[in-house]
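Before I ask anything, let me first share the structure, which is written out below as structure tokens.
Lettered A, B, C and D in written order, each chain numbered from 1.
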Amino acid sequence: MLHGYTLPRTPGGTSSLVAAPPWHFAGDALAVAFEGDPASIASLLPAPLELDSPRCAVYFIEWQFATDGGEEFLDPSRSQYRETLFLVSARFEGLPVSYCPFIWVDQDISMVRGHLQGWPKQLGSTWISRSHALTSPASPVLGPGGRFGASLGVKDRRLAEALVTLREPSDALPTPGFARAVNVRYFPDLAGGGPLLHDLVQLRSRNVQVSQVWKGDAELALHAHPTLELSLLKPERVGFGYRFSMALTVDDLVVLKDLRDGVS
Amino acid sequence: MLHGYTLPRTPGGTSSLVAAPPWHFAGDALAVAFEGDPASIASLLPAPLELDSPRCAVYFIEWQFATDGGEEFLDPSRSQYRETLFLVSARFEGLPVSYCPFIWVDQDISMVRGHLQGWPKQLGSTWISRSHALTSPASPVLGPGGRFGASLGVKDRRLAEALVTLREPSDALPTPGFARAVNVRYFPDLAGGGPLLHDLVQLRSRNVQVSQVWKGDAELALHAHPTLELSLLKPERVGFGYRFSMALTVDDLVVLKDLRDGVS
Amino acid sequence: MLHGYTLPRTPGGTSSLVAAPPWHFAGDALAVAFEGDPASIASLLPAPLELDSPRCAVYFIEWQFATDGGEEFLDPSRSQYRETLFLVSARFEGLPVSYCPFIWVDQDISMVRGHLQGWPKQLGSTWISRSHALTSPASPVLGPGGRFGASLGVKDRRLAEALVTLREPSDALPTPGFARAVNVRYFPDLAGGGPLLHDLVQLRSRNVQVSQVWKGDAELALHAHPTLELSLLKPERVGFGYRFSMALTVDDLVVLKDLRDGVS
Amino acid sequence: MLHGYTLPRTPGGTSSLVAAPPWHFAGDALAVAFEGDPASIASLLPAPLELDSPRCAVYFIEWQFATDGGEEFLDPSRSQYRETLFLVSARFEGLPVSYCPFIWVDQDISMVRGHLQGWPKQLGSTWISRSHALTSPASPVLGPGGRFGASLGVKDRRLAEALVTLREPSDALPTPGFARAVNVRYFPDLAGGGPLLHDLVQLRSRNVQVSQVWKGDAELALHAHPTLELSLLKPERVGFGYRFSMALTVDDLVVLKDLRDGVS
């Protein structure tokens, strides 16, 4: 009898790349809100999602994860990962949602756990400035004047760079945000024919906590790539930058619509 | 309209982690045949596979891949990867097949392309001695007396080490081999209930070419790991070691059996 | 005219691997104090250092660095690095000092900057649990009951693992500490003869700041390696574990003794 | 008594990052000859080297190394590394030499072994197409029409990309070549004052072997970087590309001139 939430499935069930949910996450984020070209953003949306606005956001996050009682963070090579993701503003059946066209992480566990939720994760290298709890020219202050940078690299090419100078506390998180994120699960069939799995899903998270949010000025640069169409999100106007911590739990998903041909 | 063989799907279709098949592969392999404990090996087999023999093999391979006309090898960070995989000897409906309980690669493209074929790929670090085409104390000879090593590491833990001393040409490849490999495709449903996809599939490859095969003495060590149950394959007897190159094309798959509960 | 603090030296001087001091550092540390075998520890000391006690400490640290006005942390791939180092208790001319037989970092900049100070740095992979500022099963609390892990891996082999459960605030840092660390600078001469540089140096740091220190129970395991003689530090008794942040500035060094043959 | 060719020096002497010479190397190279701006190239030369011509070459190499009887290639994570280096055409006391302003490798052992010879090595990521010994769309042929690519990335930024299409065998290697390479050894003194070591050295290699050399058309792109002054080597004219294997032994060095102030 084989056990395990994903492959490889084994007698003990401890070899699976992804352990069974719930998955608890805690992380520190640097984010930048921006606006792109509406037609380009709309071109990235899977039907039946429609463009809501040209508002986008990029998040650079250092995460730590654990399952119930798993304490994976005690062997942090199995728990920590860094992530860069882009969210755009969409509408599903008239209601505003966010949609993620691109996301990169630096660990296999996170990558496949993401695929199960429809996150289109690839491997990439994310770096984010840290604020250590001491006064030093090596550590930006988590407060007015604190300067933070972040970068994304994919297979030795730098794709994104952000710079944020904190100015003041903020009551609000950047938008679009994670709260109503909609993804697409997709599994093509090498045996031929259409995909075995192709549906629109909405993420559900609980136990959501957010720290004090700091807000400030921001710069954002996205660089061209020979195959990754990230330039469809080229910023036309850059908004505020944000720094905050958050925690949440994921163990559910709502299927919004089967997208396979001939499936109503 | 979104295009792409896998996520992320985009207007141009060039952003997908995995490009559409056919996928052409060429690689250099170091392999060691061995026998493990029959009951332990059997415990790794998904029903209805049955144990055929205690014969196993581990392959360490440096691959390069391309799609039709894609010439991905010209940007080798997108084409090259290293792999370690274990094959065991099973039987499906009375016929001998091979089954892969564990496999590791070092690139996301290869990892997800594997998942689409049921390979239970995780990220791992493989190193293999190379024979350069010159006489040097730094380069083993590809012939009698040539000594080759290989290792597998997973998240900073070394899991496997092999050592092969070539003795003579061989007419045969190690067994179990890739020819009739059977995998399990598996996609759990975070929305609840059983897996969305759970079937037994048989790989099909074509254009298979193999170089001259060299054979010799071998040593193999597998190390304990806190969660990965690789020690179920602990060698009880180590057979020959092999060195060879191979090339093949993959663009098809045969579904042998749906393994979901209640599906006949 | 070429400029730069280290190679490569160039017209603009910005290409050097290491920028000119002062070097400012801020970091979060997990440390474990322990005692080893006195004779084994003594065997690691360069003359004229003598053993002071069997007390040792291992530090796992996530660092961020900057030069004066350089703000390297805004491009954190050039500023952040992780480090594992061991300190032992020695005596120089009757005064207690600490000595570092082994240290690993994960960035070239830090590695060579260390060599200039006599730190025997090699590349290694360090992971340390983080406490995010929110309550989550994914984040240990920085206070009583908080559990933290750390690991060191070198070329796919895991060398060290630590586990600390915080119990109470501490007025003291672990010992041996960084305050009076003594290193050896060493540069062999490929042209033949003895080393071009071989001296005993004492580090000087300033602007030293330390956060609240938390102390608790600890476990520590060091694993055997085919060439790295870390097992000379095998713990015979494991003391307290510590968690704290620190910041300091380095821009000076004191030469204690030239160790080349025939130099008095 | 401590032993070891470099730090860390230990009782057994096996922990040193770099083992004592002789060092044997075998590797596969892709190279592109090109011409840059004479004044820019000259600005990179350390006095008393003078510009000989605007001829430059970039080499991308996959190396394997071993010491006498060390067989390091049997644990290839300690033996294999990839390298990108640039050579320019200089003159020392009227004789033509080559000089390396920039070089990147991906292993600590190689990096420090290079520093001992004056190579200004930094960590970087090199990828090179391979020709496997079989006919496949995934493997370029090592002969007329074979197309090979290579790239260099440094901390998530791509710095160089080359493309070579082989046309014919060549009797000659690209120039400038390794044969008379001149480097600068340099060790700054953190205790203050000028460098402890600053001299011009000429490499000596023996047992040099070269395989059949293939030559063809080439493209080369160097990309701008915020601090690395590689654009001083911007190609004004790109010459032939080359593919070959080579092996050599290094265990000596000739000091040409002490470059410290006040040292004649």
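What we mean here is this: a residue touches a chain if its C-beta (ideal position, glycine included) is under 8 Å from a C-beta of that chain, and two chains touch if they have at least 3 such contacts.
The model shown is predicted, which means the values in this text are computed figures rather than measured ones.
Across the assembly, the mean Cα position most removed from that of chain A is the one of D. The interface with the greater number of C-beta contacts, when A-C is set against B-C, is A-C. Chain centres here are Cα means. That of chain A falls 30 Å from that of chain B. Distance from the chain B centre to the chain C centre is 40 Å, each centre being the mean of its Cα atoms. Distance between chain centres (mean CA atoms), chain A to chain C: 34 Å. Contacts with at least two other chains are made by residues 75, 77, 125, 127, 151, 153, 155-156 of chain A. If you sketch which chains touch which, every chain touches every other chain without exception. Residues of chain D touching chain C in their complex: 2, 5-12, 14-15, 17, 21, 43-44, 46, 75, 77-78, 101-103, 107-108, 111-112, 115-118, 120-123, 155-156, 184-192, 196-197, 201, 226-230, 232, 250-255.
For chain D in complex with chain A, the touching residues are 125, 127, 151-153, 155-158.
Taken together, the chain B residues at the contact with chain D in this complex read 24-28, 62-66, 68-69, 71, 73-77, 79-80, 125, 127-130, 132-140, 147-151, 153, 161, 163, 207, 209-211, 245-247, 249.
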